[in-house]
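Going by the order they are written in, the chains are A, B, C, D and E; count residues from 1 in each one.
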Amino acid sequence: MVRDAALVAGKDLLIEVRSRVTLNQIAPFAVLVLVLFAFALEPDRGLLTRAAAGLFWLAVTFSALLAVQRSFAVESADGARDGLRLSGLDPAGIFLGKAAAVAVELVVLEGLLGLGVVFLYNADLHGAVLLAITCVAATIGLAAAGTIYGVLAAGARVRETLLPLLLLPVVAPVVLAATRATEAALGSTADSGWPWVRLLGAFAAIYLAVGAVAFGPLLEDA
Amino acid sequence: MKIRLLGVAAAASLALTLVLGLRLPPTEEQHQYARLIAIHPAIAWVAYLAFGVMALGSALYLWPATRHRRWDRLAAAGAEVGVVFTALMLATGSIWGRPTWGVWWVWDARLTLSALMLALLLGYVALRRVSVDGERRALVSAIAGLSAVVVIPVNHFAVTWWRTLHQGRSLANISPASHLDGQYIQAMLVGFVAMTLVFAYLLARRFQLEVLADEIDDAGLAAAIEARRREGVPA
Amino acid sequence: MAPAVCLSRAVVLLGRFPALAGADLLVERGEIVHLSGPNGAGKSTLLRALAGLLAIVEGEAEVLGHDLTKDRRRLRRSVGLLGHTSFLYEELTVEDNVRFAVRAAGVGVGAVEPALDRLGLDGRLRDVAVARLSAGQRRRTALAVLVARRPELWLLDEPHAGIDAAGRDLVDELVTEAAATGATVVFASHELDRANAIAGRQLTVVGGQVHAIQPFVTSGRS
Amino acid sequence: MVRDAALVAGKDLLIEVRSRVTLNQIAPFAVLVLVLFAFALEPDRGLLTRAAAGLFWLAVTFSALLAVQRSFAVESADGARDGLRLSGLDPAGIFLGKAAAVAVELVVLEGLLGLGVVFLYNADLHGAVLLAITCVAATIGLAAAGTIYGVLAAGARVRETLLPLLLLPVVAPVVLAATRATEAALGSTADSGWPWVRLLGAFAAIYLAVGAVAFGPLLEDA
Amino acid sequence: MAPAVCLSRAVVLLGRFPALAGADLLVERGEIVHLSGPNGAGKSTLLRALAGLLAIVEGEAEVLGHDLTKDRRRLRRSVGLLGHTSFLYEELTVEDNVRFAVRAAGVGVGAVEPALDRLGLDGRLRDVAVARLSAGQRRRTALAVLVARRPELWLLDEPHAGIDAAGRDLVDELVTEAAATGATVVFASHELDRANAIAGRQLTVVGGQVHAIQPFVTSGRS
């Protein structure tokens, strides 16, 4: 299973290296979203700075949407999804592999967006540890849930639109929790971020489990 | 037949609720709107109930021992009726909120959760719409249904802490449970009964509809197979 | 040893349409079976079903000893399907694709080179992204995957389509070789003469059923 | 040209009627975005109400993204984009037709989001006229720009990710202007919204013109 | 009257690859010309170029009197291309598709019925969404579009591929009929015997150039 996961993750990342989509398209998109928020929330700057954490995670979520969409666009192009099934790979492995690849891409994006936030919204961070752990936990959660609903949507010809609808309400708590935890890390609130981090951990754990179990049936029948 | 009786009962109790509700005296701080208590809490309860039904149906379908189309139908029926009641809950709540809080909406944990529930239900229904064939759809939507349910606790904690770790306005300050005399309690309870009956009725009808649809499909299938076999055979 | 394929009264639904309406099929190991039949008769559906990609809703189906009504997944590693659409990753090169498929199937990567060579995909084409290939080169790549994976059961959906004159003879060679080495081949083709030249047995699929060869009144009307 | 436009718009709307994507998927998504914003921004500090206008238009923009994506997913499936070129339709007609279809869908979405904002963010509107005109102008602008960049992206296999990148920076001014105008309509700012509306009108006019002229070349060579 | 096709030293680039490397081709009106040649030789590219879908970067190209180096669009209404992929709308039914194509081409919708009838697409299939069709039924639908549009120049890329035995004879009929009614037909096919039976002239495409027929050393290596 681990072997299969590595194989799939490797394949997805190779495709990314070949096509540079995350780097050349999703990343700029993410930054753009930040800028748009800046437009929308003008005029008062203070507002932006206070909302920095939230906007950061919103941007990450939308980028995650794109990353997942991409991850399955690659598969379902020209029936390659059937290819996955015919490949004889262990579904759990496929799930972990694709989730891992998405997670890697997201981490890169988060680094970028982090800079964006610091510059655009002049937020400054303390609690780097808390922030790091938050990012890791949230990323795993997003990637896992994203991959599950990605394969659900990949079956339908309407995946572009179905995926956001399915995914967003599910990851809503991640946005919320990550935002709060990050606010704590940015010191823009008094109270501790750790309970939120635990929540993120729980979310990630749940969806990793669900994915490992349910991905098989989904891949077969979705 | 049974269902028709259920319908009658539902209609009757609903009527009673309306009468009781409308005979409620306006309270000083909420005026006429206090009467919403006759239906709103009940609707909210039913909304949760429907979500639960969807979860239950999905779970029972996924469990190999109990796998049967009826559970898929139950989940489907629950979800669709649930959409209606959740929407009603939000609507009545907002209408109530306007006079009580001066706004249509506050980001209270409970409210937010209900909003998310509506989204989850809509997603589930949309997913069911995109695929037609029974077996697969049943399995897939069961999985989708359950994995929507497992986030509810997470959602719950998230929104609760969100509104409590953060000091700020929440229903706590304007607690519903504030001084209710018997008349209100009475109306509220009848409301609960009525809404539950209505829910049961709608659920049963929707379920029945699924059954009929499936029967038509099965009948259709036999015919379709026949037709398919005759293809290309000289007439 | 169990027969390669044993279907009886198998029904397969696409949406609500019974694409297979009670198909019976018995194929012994090492046989080469040719499926002909009008457009829309159910050939591709039959092949996809044999590959374990479609659910059997009625009747029995056993392939290579695996009961498809129970488990459609364990079978996958030992069958190879060449479909109307090639299950390839557009962004990856020909070589990448074959290598991934081979490793996924758990075969040694040593099989990659000979396969590419055999299908005339060494040289320039090796490093061209599949998205850029011509129709026939795609088919060749898909075939290369099969050759490299060396499955027990070959399911070929119009293997000659899109392949050039020389390639057609190559395809015939590959099929007969596969059978000679004990593999079983079931293929659909509309090129009757060429097909019958290599097939040990010809069957017609009409209206979702399999018949021993007989002239059928055809039409796309299905 | 008008005839062609009608033909294309009719076709797109027919597809929408057949598939119900906007209704069942994009609309809920749009409302969901509003809820997510609430998570990101602190509702209590009245930020939401103050930012209502901006968030409304952000949500509209994201929905527009999906609508355009859908509008071209329909085209580029199975090379249908070449189909558009071969159809011999007047490019300007195609442009107007597709833009019109998107605009219609957007208007529906805006109605919905409007309600959402009023209820969720308890914004209340004066100046309905101003608001209406703003919406019309902005919608035309979004639809026109969206269609232009939609066809640009439709060529690439990476349209899911390329389109947002291309479109967002272009429509940023729309978001900005529409936000200001709407704020005026909501009475949350003192200054008049009409100059902004004029800006929106200009934008719409420009992109309609650009589209009518440039769509041909884009369709040909993108 | 100008010849149907007159290419001289035409060069066409796909990406940076010269898929056509100085092709010369002269086709008189009413001719039926068969292009053979190894996979990747440039047949599809040639046909797409003749349909005005690809830019001629060097050399001259005139089709039906239109100079392709100047304007590739005006030509479109009078050519019909059957490509490897059928340019159809997945969500729409067979009838919808043909009707749309016909109206787009400005032909009377009266042509729809006979075309469907001719290709055996009346009856049940008429109302099936194209996404659900079998490979051959798709080809038939694409052909129905051509039959209904009745172009002056028919460009057929492997018209027999995927079509059943009876359908193949139908295709031959259609081709000869078209030529008889003064239209010109250029088609690529790997089924040499069948092709030569209907073709007035056979040419081979090798390495992006067109040669008068002669045995060619083949292989996918192109």
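By our rule, a residue touches a chain if its C-beta (ideal position, glycine included) is under 8 Å from a C-beta of that chain, and two chains touch if they have at least 3 such contacts.
Keep in mind that this is a model prediction, so the values were computed, not measured.
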Shared chain contacts [chain C and chain D, defined touch]: A, B, E
Distance-maximising chain from chain B - centres being C-alpha averages: E
Gap in Å, rounded to a whole number, between the CA centres of chain E and chain C: 28
Centroid spacing, where centroids are CA-atom means, of chain B and chain E in whole angstrom: 55
Length of the line joining the C-alpha centres of chain A and chain B, rounded to whole Å: 30
Junction residues of chain E, two or more chains touched: 90-91
Set of chain D residues in contact with two or more other chains: 19, 25, 28, 32, 35, 39, 42, 77, 157
Chain B residues counted as touching two or more neighbouring chains: 116, 119, 122-123, 126, 135-136, 162, 166
Chain B partner contacts - residues on chain C that touch it in the complex: 11, 13-19, 21-22, 37-38, 40-41, 55, 57, 206-209, 216-219, 221-222
In the complex, chain B residues that touch chain C: 132-133, 135-136, 217, 220-221, 224-225, 228-234
In the complex, chain E residues that touch chain C: 14-15, 17, 36-41, 44, 84, 119-125, 132-137, 139-140, 157-158, 160-168, 190-192, 218-222
Contacting residues of chain A [partner chain D, same complex]: 19, 21, 25-26, 28-29, 32-33, 35-37, 39-42, 47, 50-51, 53-55, 57-58, 61-62, 66, 69-70, 73, 77, 157-158, 160-162, 164-165, 168-169, 172, 175-176, 179
Chain D residues within the chain E interface of the complex: 4, 7, 11, 14-15, 18-19, 74, 77-80, 82-83, 85-89, 91, 216, 220-221
